[in-house]
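One structure is given here, and the rest of the page talks about it.
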Amino acid sequence: MSSIADTSTDKQPLIGIIMGSSSDWDIMKHAADMLSDFGVPHETLVISAHRMPADMAQYGAQAVRRGLRGIIAGAGGAAHLPGMMAALTPVPVYGVPVPSRYLRGEDSLLSIVQMPKGVPVATFAIGEAGAANAALHAIACMAVTEPALRDKLDAFRARQTEAARNMVVPPPGNDQTA
Amino acid sequence: MSSIADTSTDKQPLIGIIMGSSSDWDIMKHAADMLSDFGVPHETLVISAHRMPADMAQYGAQAVRRGLRGIIAGAGGAAHLPGMMAALTPVPVYGVPVPSRYLRGEDSLLSIVQMPKGVPVATFAIGEAGAANAALHAIACMAVTEPALRDKLDAFRARQTEAARNMVVPPPGNDQTA
Amino acid sequence: MSSIADTSTDKQPLIGIIMGSSSDWDIMKHAADMLSDFGVPHETLVISAHRMPADMAQYGAQAVRRGLRGIIAGAGGAAHLPGMMAALTPVPVYGVPVPSRYLRGEDSLLSIVQMPKGVPVATFAIGEAGAANAALHAIACMAVTEPALRDKLDAFRARQTEAARNMVVPPPGNDQTA
Amino acid sequence: MSSIADTSTDKQPLIGIIMGSSSDWDIMKHAADMLSDFGVPHETLVISAHRMPADMAQYGAQAVRRGLRGIIAGAGGAAHLPGMMAALTPVPVYGVPVPSRYLRGEDSLLSIVQMPKGVPVATFAIGEAGAANAALHAIACMAVTEPALRDKLDAFRARQTEAARNMVVPPPGNDQTA
Amino acid sequence: MSSIADTSTDKQPLIGIIMGSSSDWDIMKHAADMLSDFGVPHETLVISAHRMPADMAQYGAQAVRRGLRGIIAGAGGAAHLPGMMAALTPVPVYGVPVPSRYLRGEDSLLSIVQMPKGVPVATFAIGEAGAANAALHAIACMAVTEPALRDKLDAFRARQTEAARNMVVPPPGNDQTA
Amino acid sequence: MSSIADTSTDKQPLIGIIMGSSSDWDIMKHAADMLSDFGVPHETLVISAHRMPADMAQYGAQAVRRGLRGIIAGAGGAAHLPGMMAALTPVPVYGVPVPSRYLRGEDSLLSIVQMPKGVPVATFAIGEAGAANAALHAIACMAVTEPALRDKLDAFRARQTEAARNMVVPPPGNDQTA
Amino acid sequence: MSSIADTSTDKQPLIGIIMGSSSDWDIMKHAADMLSDFGVPHETLVISAHRMPADMAQYGAQAVRRGLRGIIAGAGGAAHLPGMMAALTPVPVYGVPVPSRYLRGEDSLLSIVQMPKGVPVATFAIGEAGAANAALHAIACMAVTEPALRDKLDAFRARQTEAARNMVVPPPGNDQTA
Amino acid sequence: MSSIADTSTDKQPLIGIIMGSSSDWDIMKHAADMLSDFGVPHETLVISAHRMPADMAQYGAQAVRRGLRGIIAGAGGAAHLPGMMAALTPVPVYGVPVPSRYLRGEDSLLSIVQMPKGVPVATFAIGEAGAANAALHAIACMAVTEPALRDKLDAFRARQTEAARNMVVPPPGNDQTA
């Protein structure tokens, strides 16, 4: 967290994408890509709950004032970043379980989703799908009160449905005879 | 889903709390109670994905028009209600894994959280805590643009912190001598 | 689901093989191959529960009228397609858990098999074996009233037994001395 | 398996319900009850794969000749009855994982569902729901060619949907104020 | 954490026993009892990572200065207290997975033990045994340089061995004849 | 292990039944009962791997000389007794996973069965069934060279088969009408 | 099982190594190699419980008469071969869980080890180590009454201990400086 | 354990790093490297609980006399080395679950962490992170009474925090445009 600057766009970030290590980027970039596709200003930072607890606390303390409308937090193993960020700010936190080396993200998932009553983390699937969906959910929350974003979301979903409808099996060129 | 009426307040519901069976109520009432505590108008209905798929589709199709700003869906076992509702409406869906008889909600959790890229369900802890937290997260999303709700949320969190700070161990009257 | 045409044979399909994405084909083709081996007319389509819910509902609504005698549905992760199809039609549904990236199909299996009382999905093994066996089970159900198919099934099982009986260990050419 | 007699009705049984021990009855009776509700002649027997392997082989060998159209097999722990019965007869086998004392049926489920390619067992949920659904699925398979049974199945599903639609939460008399 | 006072003895505490909620006391008292048995001054406090993050940070920041030689932290579910305390102070942290309602502490265990490289938490068994053992391990660490404590530890282990050696099976009065 | 005396019969014990604690007796007595039923001389002792490692080593060192033909070892949690005994003597070791409080014996099972190449522990089911079966397996091993024991084993199995064959469902008196 | 011939030595086999498919050979050869190292006559055959149930029954029925003193059975997934063989013969059965494609042998392990009271299968570790150890355990059982085999076993264990004692870390040539 | 010599430094070792096989070195070297980085004298040895139980007992018996202040023990599968060493010496034992071939260390973790009350093993994460953290925790315990080591630990943590703070995402050169 060398500096809290908007690393992605010139506009004031609405969503913060934070992760425990730069090695989480391959997963978390799917959240950033989705926000970029929707034109939602966002920032991407490494904030390690375990190695940078003071920075984490500061980030949480400033989240409201900085105008963040959501924080997407990814971490793996004993994944404490999403839950701690949820403890540090009333801004909604979206948790992404990053796959771990040996337990493939089962530890990450349980560490994020099993929060006690009173401090929620909205949790998504392990890995790439979860990162993209955390962004989509944050977008959907904002779209409730922003018609332009709702239109984009509707268009996204329509395109997605169309793409699925155009899938053909067996794949063309794959011959199968009955 | 005999009728989509606001069963809880006189105001137009902002949040729909739906569940697969009336037997889920013991868990899901924790979501309703939380929304009631915050004065958020909501409705509570049984919509079974597997026994009432047409009603489910209709509920999803009307969610935007009816002004819902979030849908909290609880289900157990092969829990399809949250994910299907997310497929049926762009309104944000919050999923609550209801504990199952033999697998204690592990099946419910995986059936809800492991959604594919493109159709997110924000998932919370198994059981009571998850139901309450789904409501709290929906509130937090709305609070981003509604200062009055933010104030209530801040007060809730302050009370919660105070309650934790007042906890004493060993409990008073529990004598322990070193 | 660009069109519900018999993609495999000229005859009216008796079995529908549906899957959530074209990426499921590598698994699901084992169902199609088995049906082809038995000369059972079938169709293969992508129907995504989450991205094409209306198409899914339509497919389910027409299944009886179209003369389908079984639907083999494969999906991975939060696998809702088999269970939802079972909710949409009285035609028997055979579920195939497609292996997921991080949890290897444990999530798929639980999402498919743990259906509530009243809406069954006949579930098979994770992956290729499950796809082939779903087809074999559908064939066995039809064979109960169709002697010609029963003969083919008996022959298949006899060949299978013979192939197993001819297996030799250590494999020839693999020398082992005691 | 003191005698293969129709223990339930005077008609020739169409479905055999077998289980590894009389202690499985509390679960498996949900299959028998469902078949009774639909008027499907059936028999109920204890056949232990591990303690009565010869009887099991005999039962399998006679299944086709005796006119069985399906065999519902329940077992717990290292549950081999469904898979072995599927090896012994081409009659479709429906497997029900009976909850085990310490592992709650996880062992039963995997022992039943993970069959190798070539010998399918249609598997259902752990416990009561699975037993009822195995019966329902067998009924649905027969209903494909028997209009009267299809009518009963349609009526069952309509009643089931109606019952779900009539569920009200909070339950009447349960006061909740917002 | 109404006040950081030595709640157990008059001496300056050497070990802090902290837990996320007063409901964890039934488990964590086994740590306190063990320290009391060895005459190790300690304090017991509720510090919730999620509801009292600022208090948690303060407690960590003061741990060295206050002379703590170890911190035993218990928590359940998404158990972040041990790992966060380890991030906040170089004082050794001993983690106790408290059993959770639905997952029996599997979530607690993974949330505590799977810490990333650089920030260790010494983790013990789920529940009562783990709490007692966390205390015993902290005692053993101090005993390395404190002969009096080593003597007590040796005596404890000798008594424990003697108690096991005196166990008789079948229990006296339980008649068994061969 | 106050004394290695034959606690069950006057004859020299052939099988040693050892367990980590007297609290394991409720499970392990099923092994003792089975041996008693077959008239196999045996001894029952508490030997804790963790609290009595020297006694454990001594027991292992004397096992051959004392004429033991098998050692049945039960333990729970981090269950090291069976594997360590297997390391200490060439006498065959039969391991029984005793159910643990929170993980129901999953930890016990893996701790016992996953032995490295070179030091086998023959492992049986979690709990009562596993204890009885460990005894039965040890009996079967001895029966290979002892015709009298083989006769008893054959009789046992015949009775067991007969008992299963006599099971009737629905249980008599349990009325069920189709 | 094209023929029950001693495929490994000229002597009458004492141990039968059976497996569900020739694809299990890579695992099961570790059992054969171990028996060969000890000079124990054995046979290796493919006997599929699901594809060759009649051959399986015949093999079990002849096991005593053929002089087998143990049967090592390996299988993967819904692994029924070991348990069914144990039901078919009083000859001791040693089960080897073969790793499965998606669940890595967890299904195989539970399908083999969780046998009901009365029909034991001595179970070993998943994979190569389990195959070798099943052979070693069978050898140990025979060694109890055969001094020559006991001597070989003692020598094997001494060599094994010596090999472990000669292990050096860091490995020579691996430079590490403190 | 060909000889208990300080294989790493000229100084008397303070920490023993032991492991069940030389194949564990790739994981356990992360413990050795960490101790080397802090200049803590240590030794590294292979001590197999199952193949070298007498050496293990001797090592444990001498640990206090030899001045060891901690023993880091790594093992995989049925991992008994850490727990048995804890039974053999009052010197604190730090357990490292080495990943196993098929279960990825879940068996190792449970075998190490689930110790019974009275004999603690401080357990760390599966694999490399756990090995490094076991060393760090042992260092932290010693640092409590050794200011020079505390200074090194503080410096380590400061560097670690700085390294995390300098992480930038997207990685430089990775272009992403919003």
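Should a chain be cited, it is by its letter among A, B, C, D, E, F, G and H, assigned in written order, with residues numbered from 1 in that chain.
Please note the rule applied: a residue touches a chain if its C-beta (ideal position, glycine included) is under 8 Å from a C-beta of that chain, and two chains touch if they have at least 3 such contacts.
Not measured: the values here are computed from a predicted model.
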item: Comparison of A-C and F-H by number of C-beta pairs in contact, larger one; value: F-H
item: Furthest chain, CA centroid comparison against chain D; value: H
item: CA centroid of chain G to CA centroid of chain H, Å; value: 35
item: Gap in Å, rounded to a whole number, between the CA centres of chain H and chain C; value: 49
item: Intercentroid distance (Cα basis), chain H paired with chain B, Å; value: 43
item: Chain F, residues touching no fewer than two other chains; value: 21, 51, 77-78, 103-104, 106, 113-116, 118-119, 121, 125-126, 129, 160
item: Which pairs of chains touch, using the document's own definition; value: A-B, A-C, A-E, A-H, B-C, B-D, B-E, C-D, C-G, D-F, D-G, E-F, E-H, F-G, F-H, G-H
item: Contact set on chain E toward chain B in their complex; value: 1-2, 7-9, 19, 21-22, 25, 28-29, 32-33, 35-36, 39, 41-42, 44-46, 48, 51-52, 55, 77-78, 101-104
item: Residues of chain A that touch chain C when the two form their complex; value: 99, 104-106, 125-127, 129, 160-161, 163-171, 174, 176-178
item: Interface residues, chain A side, partner chain E - complex; value: 20-21, 49-51, 53-54, 57, 60, 76-78, 80, 83-84, 86-88, 100, 103, 106-107, 110-116, 118-119, 121
item: Contact set on chain H toward chain E in their complex; value: 30, 69-70, 90-92, 94, 109, 113-126, 128-129, 132-134, 136-137, 140-141, 143-145, 150, 153-154, 157, 160
